[in-house]
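Next come two complexes, and both contain chain A; in the first it sits with chain B, in the second with chain C.
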Partner chain A sequence: MVRRLSSLLTFVVVSVVVLVLAVLLSFAAGIRASLKSSGHPENILVLKSGATAESTSILSPDEVNRMVQTPGVANSTTGELLISPELCVQTSIPRQGSGAMANVAIRGVEPMAFEVHPEVRIVAGRCFEPGVLEAVVGKAASERFSGLQVGSLVQLGRLNNQVFEVVGIFEAGGNAFESEIWTARTTLASSYDRRYISSVAMRIESPAAVPTSLDYINGPAVRLQAKTELNYYEELSSKTREIVLLSSVLIFIMGIGAVFAVANTMHAAVDSRRREIAMLRTLGFSRRSIGLAFWFESLIICLLACGCGLAGSMAFSGTKQDFLSDATWTVLAYQLQVTPDIALTAIILAVTVGTLGAVLPAWRASRVPILEALRKA
Partner chain B sequence: MRLKLLYLLRNLLRNPRRSLLTCAAVGLPVMIYVLSMSVVDGVERFLDNSMTQLRLAVTQKTSIINPLPAGYRKKIAALDPSSQRIIAVCGMSWIGGRIEGDPRPLSTLAVDRDAFISAFPEFQLSEDEQAAWMRDRRAIILGRSTARQFGWQVGDRITLIPSLPPYSPMEFHVISTAEKATDPSTNWCHHAYWDEIKKQSGYPAEIVGFLFIKCATRQDMDYYRVAIDDFFANYSDATKTQDEKAFMNEFITQQFNLPRNLSILSAVTVFVAIMAAGNTMSMNFRDRFSELATMKALGFGRWTLFSQVQGESLLLCLLGGAVGAFVPYWAFNYSPLRNFTVPLIQQLEVTMVVCLQALLISAGVGVIAAAWPAIQAWRLSVVTALRNQE
Partner chain C sequence: MVSIDIELHDVRKVYYKSTLAIPVLEGIDLQIAAGEFVVFMGPSGSGKSTLLHLLGGLDQPTSGSIRIGADYLEQMSETELTRWRSHHVGFIFQMYHLVPVLTAAENVELPLLLFELSSRERRQRVELALSVVGLAERMEHRPSQLSGGQEQRVAIARAIVTDPDLILADEPTGDLDAKTSTEILELLQLLNRDFGKTILMVTHDPKAASYGRRILHLEKGILHRDETNQPIHTSR
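Right, the complex of A and B next:
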């Protein structure tokens, strides 16, 4: 009876630690998944030298023209170069539910953008028409922020006095674009009174040609900053490293606490079964098998607890969150994700805790003096 | 009383291994509690300071990303011709910054030289520092944790690359490391110097990111919060005015909502501590079942037994809690850890208040963990308890 309660309490401790581990890491995994899928290996992104994000980059039309000569740029089916100049601005839109304002990115694009970013697909309504105050909204943005459904009107523009109609919703494979609003570049440029553009995305023919193209743009001919989209989004996700680091420290401390809780329970288990152990030894069970039995007992508790904790964390998985990137100053919507990697980490943690907690008790169990233990009973 | 305490201690020492393990299993979650609450506390102290400073933040109505004309400064100041109600109007721009070849981002604000000292009195700059700030166009006041992190001292010359166009390097002279500032990481430099850098590359310079208004009283603050927006309502750039706390809170809640998430984490760790301590107490109770019954048979009252079980748990958890609370306190205030240049460590301030809170919570953990065994001890029926013994 006492051992049932004690095992149960230890079980709860370990499952809570696993739960915390999985939830903390799922934040980082969600953000990374959203950013990682944003980059295409054959796409390169050009920013002003020194800029760290599209939102702080300013390119003049002249600089864009210099890029047309870039070697290796792919052609569209109609023979046009797959170069997409894009303008990034932002607006404040209230979140659904809390109503707190969020900085949402608006991207002004030309029709070419849909070929350079083929993952962007309109899933409801239709695409915007250039020259008309119309916009399409990413799926994540339309779910997270209020008033962004097909047919709703949204006030944009530098003075917030231009009423755009949302005419469609797009998906982009769960990537960062889905947190944005897209409209025609010229329309956006006039609404926001911008003569410049922010960035240029281009599709290169093959991954092998990418380094040559990067060198060309970074070199004296263009003198701008080019990186692969993968690199750009990788850098944006550097924030997640901090979360992982912080989580690791917290989990490490909690893990040690769990080891002590397990050790406590296992010591008690050994104490209360000295007679039983002595009996088993008399019957011929080896020291090793006695020790192993206690180790397995601890592992079983911890692994069951791990399963329970992971199951609990699945309840959080898929929760929609968003965060303000400190590089772009726009919010990025993401979903908490309990990935196989996280599950594996959790299992490793549980096995480690179970093993470390059981080492001393199991050793003690294997050393129980037979005669004394039998006599005392 | 002394005798009783001695008895409790003796009881704990009867199974030193178990007591030690429990101490650790309680102490470590308490440590996490202390660390996470220190972060939350830091944010709250920061916000509370924002409130007491009676400052308003004026941003462009549509988005903070849109700048305001620098001329708004004079127009706002003119709303109070007597200068009795508006003490200072300080234009500010975020320029971020980093140093060559180092990916670590900095947070730097360019501010109006003449308004800064009166708008931010909590910096408590010395007269020498004030003089240096007014005299030197390239003066920079570093956040103290930033200064420690990069090993910069007063008198150093440093070169930062701003995070905004034209990204031209800016040389600064460190004149202070702002020991009294509430925000330990932000750096402050002259807006005029930033304007100059922008003008050199042909970027528009007559703009500011936002304006901070230092008011004389709470009433003035409430008045101008509305009055400023009304005044600019028909300008091409309408404004949004809010108090500093609300302004700052927008950033904090958008970035992971750290205070809320860490509070949840703290609650979880306290729960873990209760489970761990409860485990030990139930084991102790079980071991001493017959002993307690014997004591009762000898005439010790229910209260004595109840308080004995409770007292033991309380003592154990307080011991664990004390270790868990004061190790980080020591580590973050007196140990060599202070010299590590990791921003997380540098920015964290573990205060006595949080440690005492943690101790109080440990006591609570002790009481809750022993609740069930203590009630059982209270209800203990001597006859059944003794009969069950073999």
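Right, the complex of A and C next:
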């Protein structure tokens, strides 16, 4: 009875450790997935030299004009260069439910933006019209913030005195754009009194031509900072490294506790089975096979607990969350994802805990003195 | 199966309690022929169980030689002795030592896991061993569902399932009532008489000893008397 309770507690401890590990890593995986899917391999993002994000980048119209000569830029079906100058500002909007204010990015774009970012498509309502105080809202932003539904009016502008109407909702394959508000660049520039743009996104003909294009923009002809969108969003996902690091420290500490729990249970198993062990040794079972049997028992407990923990974490998978990007100071929405990599990490953790916890008890079991154990029976 | 004879030469065993030496066996010389049913008797502390453990390869003598068939046990390593036990010896204990969570058949099957046998072969051997001890109908019962005598029969089936040359029984009836003891002793006698097993049994009980063909009396670690006995209980 005592052993059953001890085994059950060990099972619970390992399950909880795996659950925490899986959930924490699924945060990181969700953020990484959201940001990674924001970049297209043939898209280049141009920022001011030294800027780390669009929010800190200022490009003048002259600088934008110099980019027109960039080699390898793709053309639209109508023969126009696929270059999208974009203006990024931010505003505070209350969250749904709590009402707490959070920063949301507003992107001012031209019609060309929808060709450079073809994943962006209107799924409800319609697109904004230039020159009118209208905006479309990303699906994630619409779900997580108040007053960002079709037909809602939202106060934007430098003095927060311009009332924009939300006329549509867009999806963007779950990427970072879905956490933004989009409107016409000229309208946004006027509302926020901005005479410059923040960034330029351009589509290159092929991935092979991308290095040449980057060299041109980074070189003396343009003297700006260009990087692929994939790289840009990869750098923005630095937050995930912090989460992974924090998770590692937390799981390491919890893992030590789990190892002790497993060791305690297995020591109790050895103590209560000394007679059985001695009998098996008498029959001809080797020390090695006895030790391995206890190791396998520990692994079975830990792997079953791992399965339970992972099953529990699946309940969180798909949950929508958001985080404040320390690069853009805007909120980005993402979905928790329990990926195969996370499941594999959890299994490795369970095997490690099961092995470390079993080492000493298994060694003790293999060293049970046969005659003494039989006599004490 | 080839029966093996046993020869002990000047076997001594000394246990140490910190610096204090406690001699348990003091120069045992003994020959046992293949197929004998030998009973070791003597008061507590006479060394009879220690001698049985040495003969079963569970312990090593402090000095002297133990030859069983062609094998000299004192020259074997721990690993070699473990392997030797699995191939040559069947043990029967006073307390049965069955695994409570396994069925009778699974308990009997345990020693066979050390041999390269298919599950079908193992099953056949288990059924044969349990039918020899009269428990073919109780194969799927757990120890808690069996009487003491039945548990000891399962232990005997476990001891014979690998068809060992030698069966060592340490007070096999010590925990049983008179009627059940008789059944167990008759079973051992059957294994000796009809299956040719060499049986070495330790007991305090003169009635149990009367089932053996040879009775060795130990006293203070010395072989005191060696008697030939005419077993009177041959009901099977």
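Assume the second predicted complex is superposed on the first by the 377 of 377 C-alpha atoms of A that agree within 3 Å, B and C clash if a C-alpha of one lies under 4 Å from a C-alpha of the other, contacts with A are read in each partner's own complex, and residues count from 1 in each chain.
Please note the rule applied: a contact is a pair of C-beta atoms (placed from the backbone, for glycine too) under 8 Å apart; a residue touches a chain by one contact, two chains touch by 3 or more.
Being a predicted model, the structure only gives us computed values, none of them experimental.
*Asks:* Considering only touches as defined above, state whether A:Asn160 meets chain B (first), chain C (second), both or neither.
*Replies:* A:Asn160: touches chain B, not chain C.
*Asks:* Examine A:Trp363 and indicate which partner it touches, taking first as chain B and second as chain C; both and neither are also allowed.
*Replies:* A:Trp363 sits against neither chain B nor chain C.
*Asks:* Which partner does A:Phe114 reach: the first (chain B), the second (chain C), both, or neither?
*Replies:* Neither chain B nor chain C is touched by A:Phe114.
*Asks:* Among the partners chain B and chain C, which is in contact with a greater number of residues of chain A?
*Replies:* Counting contacted residues of chain A, the larger count belongs to B.
*Asks:* In the superposed arrangement, does A:Ser49 touch chain B (first), chain C (second), both or neither?
*Replies:* A:Ser49 sits against chain B, while chain C stays out of touch.
*Asks:* Touching A:Val13 in the superposition: chain B (first), chain C (second), both, neither?
*Replies:* After superposition on chain A, A:Val13 lies in contact with chain B alone.
*Asks:* Which holds for A:Met279: it touches chain B only (first), chain C only (second), both, or neither?
*Replies:* second
*Asks:* Would you check which partner chain A:Phe316 touches, where first means chain B only, second means chain C only, and both and neither mean what they say?
*Replies:* neither
*Asks:* Taking the superposition as given, does A:Leu371 touch the first partner, chain B, the second, chain C, both, or neither?
*Replies:* second
*Asks:* Which part of chain B faces chain A closely enough to touch in the complex?
*Replies:* Of all residues in chain B, those touching chain A are 17-18, 21-22, 24-25, 27-29, 31-32, 35-36, 61-66, 103, 105, 161, 163-167, 236-238, 250-251, 253-256, 265, 268-269, 271-273, 275-276, 278-280, 282-283, 286, 344.
*Asks:* Quick one: which bits of chain C touch chain A in the complex? Just the residue numbers, please.
*Replies:* Chain C residues touching chain A: 53, 56, 58-59, 78-79, 82-83, 85-87, 91, 93, 95, 97, 99, 110-111, 114, 158.
*Asks:* Which positions of chain A touch chain C when the two form their complex?
*Replies:* That would be residues 275-276, 278-287, 370-371, 374, 377 of chain A.
*Asks:* In the complex formed with chain B, which residues of chain A make contact?
*Replies:* 2, 5-6, 9-10, 12-13, 16-17, 19-20, 27, 48-52, 55-58, 89-92, 100-103, 157-160, 238, 242-243, 245-246, 250, 253-254, 256-258, 260-261, 263-265, 267-268, 323-324, 326-327, 329, 331
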